[in-house]
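Here subunit A shows up in two complexes: once beside subunit B, once beside subunit C.
Up next, the complex of A and B:
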């Protein structure tokens, strides 16, 4: 069943070539953007050049605005994703394992699933006010459903033969959960986490636009509202870089590790 | 697993280093002035004409009386709030002010 994907790590030249190509593409894009500014011939307010955006970035850092907004956004995002993940996994496991939990919780969860967080945020603002609490709850809500449904699918697709084997060997319910179900569900949890983390990132922007006076989402909104388009673009670039960082430093390595450990793909080293 | 751990460690080190740098800067700015309890009046000098972002943060810690050029005049600021605002690197100087 196993498929060998890589017999040895790629050579250094190939590992360096990919970022170099990415950097070249970025430089080309910036050069085209800069060259297009005189051709378009609009005011910087409508169409800022890369140099204007760079100046806006330096201005935001010098004035202490960007660090504060960045730390606020990361804190809200990390908090919302962490709480949503824990709640989603717990509910998914409970519903998947317990018929009582399934019958009790599933209708309400299915109902809530249809109500997107965008609809909740105005209510959350009324209940919890502007700022951290509202955004944290909104992001928790966003992450909760992908986590729950992926965990649930994972639990329901655990081969019954494994469950029966563990039970016939005298496993308790806790041991069954820890030794059989959780390892089997982990790839689904990682998939749910990846989906939820992506949704939460988009949710963060909207939540900060509507319900915050700080954060990268607010920077994007405030820049546009105050005719500081370069600041809006800085916010968008920071958002993109932040997601690239989260994806490359956290999501992809964890996903790869999970697939190698529990999925059908393995490396040559593991086979040996 | 090494990459996420290394990234978290680097982020944590960066964050705490940044916070320590801000703390040191705040202490340096307040070193020369007496900070009376429970409240005092101060002139905070900013490195540039303050924007809404800065004015909002200053309004949160005391009564904002005037913004003149790069100086912001505040009354009734508690010591811990003064220390918190002085940590910001965009605050370049703090001086006692007699008030209105």
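Up next, the complex of A and C:
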């Protein structure tokens, strides 16, 4: 954007104008959608209007369905992401520190990484049945591989000079890990976390469509299966808001915090 | 160390997994459908290759992916450039695009089934939708990250609007657009497999999920292996050379 160049902050009017225009865009979209419904003249189950969607939303809230589904989804997501992150970092560090382990395990990791989580869900269903266990394991799997992979790359690119310097100054293995390797790997870990969290969110929705009886993914699927299309769209909108919430309230602050703390700005996207 | 010796340790985990798989049925008793013996999976692969059914599924999947990729990017890249070049339009549309991007993909499958029915149409719609939103975001970012000084420089040297587009905007955004192609393919691939599982009538995803109903675990495992190998092949054949030719050459690799 043009603001990249501006040495001084943009004038107040423009800073205000941009979100306002964005909001205008959303309102225009909704208005066009609502106006197009009588023109298209299709069944509401085929092409529901925003007003139908709003009614379905109120209905789902007053019946208490939506809050329960939302809590289920968030619980599964948080659990899977947490377990996958911890396991991924631990394995990444362990493998990364040893060159032999790296060489031995990398091809297998690359292969497993290529079998997308979506493809694992059928066999997880066979092994663990439908429900919470399968979803949790699938999400753990989704997060584990980007975490492992990025941690591994990070450890591999720590300059040997730094390791030697720390060791020759008498650092123990533990100190080496804590003072040199972990700080150097942190930006990679954050990258892995963002990638993993993004894929895990889509994985969550898919897993809930295939293997659950509650949650936002189930709401989206069930609505369409029962020709309550407005419910499906409520589910999609809630899903979008949930992801934007996770991204803006959680992932981006974490990224900013660590990037500022370690002073290693890597993202080009920041320049917007 | 020679090349071969360097790659040799990498085969160990595969060998260990195969050995484990061979020994397990002898060591403990468990229902075969949980993990059929390796021999059965190999037989299944042999059968499916011989009777041509595997090739049909692979062909259907790849055809849908190619179609979705072409439609998604064919709309996203021109539209992305057009949006990004006009500040008013991009201010207007950006939040909407961000929002739609966050629901893009698998969540559209149920709606797609209502609109297009089970089968080809739904799956291609979902792939194209996924790829569109992944790609347009990268295109817009790519165009907007071109410094304004360069715009002014081209203009003050008498460049026309078309020249701004061909000489500045497209080359300047190319790296980001190519990154977008690759990212969108990764999302599109997942959308393909997932879409076929929910709304497919053929293809690798359909083959795999269909087998769950009949507890034909050897078919599930075959599906996973083929999905993994195919993705590695796609990535190596399409994107690694493309990146080498462009991003690496211009020294903009970011990893």
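Just so we're on the same page, the second predicted complex is superposed on the first by the 230 of 272 C-alpha atoms of A that agree within 3 Å, B and C clash if a C-alpha of one lies under 4 Å from a C-alpha of the other, contacts with A are read in each partner's own complex, and residues count from 1 in each chain.
The working rule: contacts are C-beta pairs under 8 Å (C-beta built on N, C-alpha and C of every residue); 3 or more make two chains touch, one makes a residue touch a chain.
Being a predicted model, the structure only gives us computed values, none of them experimental.
In the overlay built on the shared chain, the residue A:63 is in contact with subunit B alone; subunit C does not reach it. The partner of subunit A that touches more of its residues, comparing subunit B with subunit C, is C.
Of the two partner chains, neither subunit B nor subunit C is touched by A:156. By the touch criterion defined above, A:173 lies against neither subunit B nor subunit C after alignment on the C-alpha atoms of chain A.
Overlap of the subunit B and subunit C contact sets on subunit A: empty, with no shared residue.
Of all residues in subunit B, those touching subunit A in their complex are 1, 3-4, 7, 15, 18, 47-48, 51, 53-54, 56, 88-90.
Residues 62-65, 67-68, 71, 213, 245, 249-250, 253-254, 257 of subunit A touch subunit B in their complex.
The residues of subunit C lying in touch with subunit A in their complex are 6-7, 9-14, 17, 33-34, 87-88, 91-96, 98-100, 102-103, 105-111, 113-115, 141, 144-145, 147-149, 187, 189-190, 193-194, 197-198, 205, 208-209, 211-212, 215, 217, 220-221, 223-225, 227-229, 231-232, 235, 254-255.
Of all residues in subunit A, those touching subunit C in their complex are 1-2, 4-5, 17-19, 21-26, 28-29, 45-46, 100, 103-108, 110-112, 114-123, 125-127, 153, 199, 202, 205-206, 209-210, 217, 220-221, 223-225, 227, 229, 232-233, 235-237, 239-240, 243-244, 247, 266, 268-269, 271-272.
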